[in-house]
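Order of writing sets the labels: A, B, C and D. Residues in every chain begin at 1.
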Amino acid sequence: MTETRPAVELKGITKRFPGVVANSDVHLTVLSGEVHAVCGENGAGKSTLMKILYGMQQPDEGTIAVNGEIVRLRNPQDAIKAGIGMVHQHFMLADNLTVKENVLLGAEGLHGIGKAASERMAELAERTGLRVNLDSLMEHLGVADRQRVEIVKVLYRGARIVILDEPTAVLVPQEVDALFDTVRTMREQGYTFIFISHKLDEVRKIADRATVIRRGTTVGTVDPRVVSSRELAEMMVGSQLPSPQTRESTVTDRVVLRVENLRLNAEDSERAVLDDVSLTVRAGEVLGIAGVEGNGQTELVETIMGMRKAAGGRIELLDADGTARDLTKLGTLVRREAGIGYIAEDRHRHGLLLTRPLWTNRILGYQTRRPVSSGRLIDCGAAREDTARIVSEYDVRTPGVEVPAGALSGGNQQKLIVGRELSGDPVLLIASHPTRGVDVGAQALIWDRIREARRDGLAVLLISADLDELIGLSDTIRVMLRGRLVTEADPATVTPAELGSAMTGAGESHSLPEDVA
Amino acid sequence: KDSGDNSAAGDGGESGGDCVTAAAPPRAEASSQKREESADVDASDLKVGLAYDVGGRGDASFNDAAAAGVDKAVEEMGVSDTTESTAAGTESEDAKQQRLTQMAREGYDPIIAVGFAYADALKAVAPKFPDTHFAIVDDDSVEAKNVTPLVFAEEEGSFLAGVAAVYKSENCHVGFVGGVDTPLIKKFEAGFVQGAKAVSDKVKVEVDYLTPAGDISGFNDPSKGNVVGKSQIGKGADVLYHAAGASGRGVFEAAKDADALAIGVDSDQYNQKTVAEVKDVIMTSMLKRVDVAVYDYIRAVAEDDLDSLPERFDLEVDGVGYSTSGGKVDDITEILDGYKAQIVAGEIKVSATP
Amino acid sequence: MISWRTALLPPVLAIVFAMALSSVALLVSGADPLQAFATMGAQLFEGTTAVDTVNLATVYYFAGLAVAIGFQMNLFNIGVEGQYRFAAVVAAIVGAALELPPVLHVLVILAVAMLSGAAYALLPAILKVTRGVSEVITTIMLNSIVFGIVAYLVSADQFGVLRGNNISTAEIPETGWIPGIPLGEAGTIFGAVVIAVALGSGYWFLLNRTRFGFELQASGESPTAATAGGVSAKRMTMIAMLLSGAVAGLIAMPELLGRDHVYAMTATQGYGFTGIAVALLGRNHPVGVAFGALLWAFLDKSAVSLETIGVPREIATIIQGTIVLSVVVAYEIVKRAELAAQQRRVGRQTRNGMPASVSQGGAV
Amino acid sequence: MSTTVETGSPNEAGATKQEPRTRRPIPGWLRGALWAVAAIAVLSTTSYLTGIDTLTSSSTSQTALRLALPILFAALGGLWAERSGVINIGLEGMMILGTWGAAWGAFYGGVWAGLIAAAVFGALGGLLHAVATVTFGVNHIVSGVAINLLGLGVAKYLADLVFQPLSGNPRQSPPVPKFDTYSATFLSDWLADLEAAQRVGISDAAGLLRGLVTQVSPLAMLGLLLVPVSYFVLWRTRFGLRLRSCGENPVAAESLGVNVYAHKYAALLVSGGLAGMGGASLVLLSGGADYLENQTNGRGYIGLAAMIFGNWRPGGLLGGAALFGYSDGVQLAGGGEAVLALCYGAVLLLAVLTVVHLVRRRFLAAGLAALGAVALYYVYWANDELPRELIPYTPHFVTIIVLAVAAQKLRPPRAIGKRYRRGEGD
């Protein structure tokens, strides 16, 4: 293996979008057989750069060389021919097609679409740890398996250069480790990886070299095993590395949310998705729920919000003098009016009206409340004003409040949502993955805001796949497994690894330090 | 493969066999040909406007007949200028008004509105042009001095069709297929049924409509006409009379496939290009002489003698009748003319409603 | 924000393109396009065509609004056709049967029409909400079924009255008429124009200033986000469908109360389908729909004159189809041109040594 | 608090979303066959109990096939378009173009030329739809509506130009040749004997079947054949997989090197061609019209409905078209009494459904079904004749009722109607 030969060489890449320069004069050299990390803030231009390398977008300027030869990649087909494969930041899977069809698509010529193909696929599935029926529909798969399918897709095409765009964002530590094992093995076999992540410890764990991109241009390439996370982060943002540690406890005795024996059935059967879930959240407390995706956290949140109908149990909200209000039968709007703020896990599906201006998005969920509404009528002026306030207070980077929400980068969208949900004077905040896919700067800001509100007596129900965030922010952590709350852990003592095994139900639970509640 | 061409419909059944129970009417004396075709009328100072209903010139139906009347007027009376305009399928009421107004304004006189759909429009427009002559086909509800109704006794013509059908039926079972269930088409049904019953007291008559009033697709759906025709034949009918516009063609084909006979409507369908392939099943057609009415009307306007026009174009003035092309009813013309004479004489009263 | 250029250029381009295309068709058939267009245009200044155009546009406006309300919520209410015809016949029957003082009579008829229109939209709404049955299928079916219902109701055995060879409902007494606005020789404008203007303003206000309008648009844009924001998508579907049906109920009213006073077997059909085109042309905006309705009505009206010069009037249909298509294509082209222009602007600015920072949110 | 951690592999934990079904799903063809058997059983019982044999006579099924054919073609056209992610409300317009093309081609070159011309004309409509929706990203419904207008206008215009001199009628073509019909003589005769034998069930099935093998035109065979062919192409070939992926997730397809534009264009060309053939089936069958203005009369929309009814699947849309054609045929041939008999059949069906629901312990559904049965039985019992005016719309009623009763979960292609632009995905 000639370590020195560059597998990919990007020179002077510039890409402009209306109003934005996503990449300007980017240089990137990836050696054959290495794992090369690309890091940078949200919106720094990493994904764009990768899409250019994968032929999905055309650079305005610059050249691409693969294995020493200058190539023009007009479309993904060209890139695939050049031996490049890409696992996208957002899954590129068709839910209504089977796993097999998803993998086969576009690569039918390689092994046909019959038995040979199935065999090859089974072999790759084995190698990546994908253990599902290849004929089941994609929509039935969990996130980790989807990720594996994405990797199988790339391998099936015989790619030697694999781009992984934030592959770990949705994985638990054990899954991340499994992924890294796969990557390492394959690196030995001569594959080249381009690995994109915000998580600097991961970068340090897996990458041979790392290139940092800031504001669309390359800052430099370093050896991550030599530089510290802090130094890396400063290259990215030029600021202090934020930490999610909660400094002092603000937990009070006053219960705000009480959930008792909550039960929820799957949409089309009697199968329980939530089973006998009970929990309480107190004023000033952050209750963290840990769990592998697909174990019922989403459903729990949506049931508490009234977006799903519980099959049994009670949900109560208690006000300052302790009178309980039964929410179980009430609609989402009433629950919101009662003082629940909601940061949804999927901001595009549940948080925003993407083609509407920011100020319209400010109204969503608050259409009956001041200042944006007088109950029946909407006050556009006030909505614009209040949105402008959120934009400045939460550092939402936008040209103005008239731009459509979809034009903001993910992190800025998230800041807008956090700002909106904290503006309604909530007594309870339900925050699902509040910083998913958000860069370090924005992450710190969101954490700060949540902490401030907590200090003022806000109760928070926090769901997160980012265990550092969960441990750092929560006062109590409970683990959810197959629709049940199974374990309680003290964030002061628990480690991510311990939490990870509890989440997967891996029998190490005895080692968890327990909270005697 | 199915044998493609069924032999032409059986033209046997000389005189209806044992189905006919009524005695044949007395032979009619020389037919009431009182029309004196004098070509000495000069209408060269007339500018005739013709506003068609949906379908327009070439519809092989009453619009076409009206056109033929005007053409004849041009030829024989030297009408100097004509204009035509056709209603669109879904046009609104004031498009009709607009059409009439436009013609009137451009100096056309007389203006003939073809179809009762123009009634309301005419009511609105005619008073505004008191010096213009208007005529409307198929409607007599407009009460204005300058509007002449040109209406027909469809039931009388259909009566004869009913008589002919029974005489030609071997199963003593005949059928009527109406396109759209409107009062106008009901007149056809009424006459046909009365005619059939007048000849035989044991005849069975099937009556079907393709669509109810308002759904004009019934005039435009040969495959439905075909299905209904087949179904009537399946029930035993062997002579089918249709008043279903273009859907009638499906009825003809149903008859052809089953060696049955059919009766056309409005014009002499035996000679119509669009049904040429199946013309051998068309034993006769009930004629509604819109052309005659239009021609007579123009002539009356030219002579300034509107009172000469009949109140209704009926059997007596040959406003309705039957055709003999194809020769399939040659053997019963005497009988038909006999009934005709009785109707003209008022001995048989044909009701316009079923 | 939409600039005047993006709002106005596309329709103009589209009309020009449609005229060019139909000119080709006209030339092929050996007619003179200039003469044809001149004849169409001249119509406006002749007789009652201008007034007729406005009157027809009023009808189209109601139709367009009815469809647009559904579109706001991503509901494809093809059933406007059936709803308006059902409402028209019921309103005509009830209106003829009642004896009430003038204004009240009209109001009652209008209310009956709106209720019946909504009632006819109820079934698709219920099936959509409770059974998930696509409103497209049910409304297509109901559009056909309405033929049967109208025929049944106006048949002589039920409420019909024979008038010559026509058959219609009984006449509504004069107290139930909406007086027109007489313009002398030029004709009489439907009094319902006033209702149309009021309805348009109401629609605008409802959509842009009320909580209901916000919720409607939100669930149209993203049912999931709306649900999370406390808007019940099912409830909105139900309301939007019924509201659309209620407005559809008004479609026949200008003609029924302003001119015909009876609903006849031969009454015009197809306004509902026209409404779809008009709503699309007007991009569901109250003012846009008004322009769309006027344009459509003008093309319909002026087409009548084409036959007098021996040009097939199908040309008007071709123009209409082309305009619908080319308006949207033109919107797209103009949008892309603006995008490209912006891209160039960004490029120029960066070269001038002031890189637009992406992490500053991409502000230029 | 004690730990209640359950043991299990991480993989299982992450996979709770997996298919909850334990039973193997019934394969589609078997399900279709079961439905067909059930339908025949109900119909033969009804026809036995009510004494109306129109319900199961061979002429009814023959008629049904004939009336269903244009709808079937249109529905197939819809399937191809919508599987590629493009809503095709313009089927009606493409069908109209097809009717004109069929008459024109057949007049000059015989039936097959007519069929080809119809497909080509329809495909031109499809091409226009593709240019508008795929290349220009126009809203699919807008484009469809425009194509319906254009199709009508262009066909009228061309008819005026081309047919008027030949037929003297701008709204009708001159008579054109028609397809011959074929019968499977032995089978047909044997079935005829069976049908005549008057044995409950067997005779009915034989009658229905006989209609499908007697006097069948090549066009009908083609239409029926295109159902499995469409299935095969769309679900069993690489082209089909790519095409469907464009309807499910075009960005993913693009990222795998699929040329989304090309596939959508291909799909729309096929779609338009099929719709055009639907138009041809109105023109080129004996007993049908030649070109006749407005002869499609909304069948394109009905075809779309049949396709949605069939859950965007070939077998399903065949069922939808058959249902529509059958009830239309019964209505036309048998009139009011046959429709009443259908009501009776529906009562039987609902009764069976009630029992099924009771067995499955779904009481609400059972109650609703029972209620429906009682209501329909009342209609049957209380009326000797239904309002005449409503009879012609039997198929429309049937479609609504069946949709409302059959609690099917429709699964449209995921990206249907969405605008897709190359390189804009994320």
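Definition applied: a residue touches a chain if its C-beta (ideal position, glycine included) is under 8 Å from a C-beta of that chain, and two chains touch if they have at least 3 such contacts.
Heads up on the chains, UniProt names are D = Putative ABC-type transport system, permease component.
On a predicted model such as this, the values are computed, not experimentally measured, just so you know.
Chains that count as touching both chain B and chain C, per the definition above, are D. Centre-to-centre separation between chain A and chain D, using Cα means, comes to 43 Å.
Inter-chain centre distance (chain C to chain D, centres taken as mean C-alpha positions): 30 Å.
Rounded to whole angstrom units, the spacing between the C-alpha centres of chain B and chain D is 39. Contact of a single residue of chain C with at least two other chains is seen at positions 147-148, 151-152, 155. Contact of a single residue of chain A with at least two other chains is seen at no position.
Shown for chain D are the residues in touch with two or more other chains, namely 170, 389, 392, 409. Of all possible chain pairs, the ones that touch are A-C, A-D, B-C, B-D, C-D.
On the chain C side of its complex with chain D, the touching residues are 25, 28-29, 76, 78, 123, 127, 131-134, 136-138, 140-145, 147-149, 151-152, 155, 276-277, 280, 312, 314-318, 320-322, 324-325, 328-329, 332-333. Contacts from chain A toward chain C in the complex involve residues 16-22, 24, 41-45, 60, 214-216, 305, 307, 331-337, 342, 344, 349-356, 360, 363-365, 367-368, 373, 375-378, 380, 396-399, 402, 407-409, 412. Within the complex formed with chain C, the residues of chain B that make contact are 83-86, 88-95, 97-99, 101-102, 105-106, 116-117, 119-120, 138-142, 181-184, 211-215. The touching residues of chain D, when paired with chain B in their complex, are 59, 63, 66-67, 164, 167-172, 174-175, 180-183, 215, 282, 285-290, 292-295, 297, 329, 332-335, 388-389, 392. Note for the complex: chain C touches chain B at residues 47-49, 52, 55-56, 59, 147-148, 150-152, 154-156, 162-167, 255, 259-260, 264-270, 300-301, 303-305, 307-308, 313.
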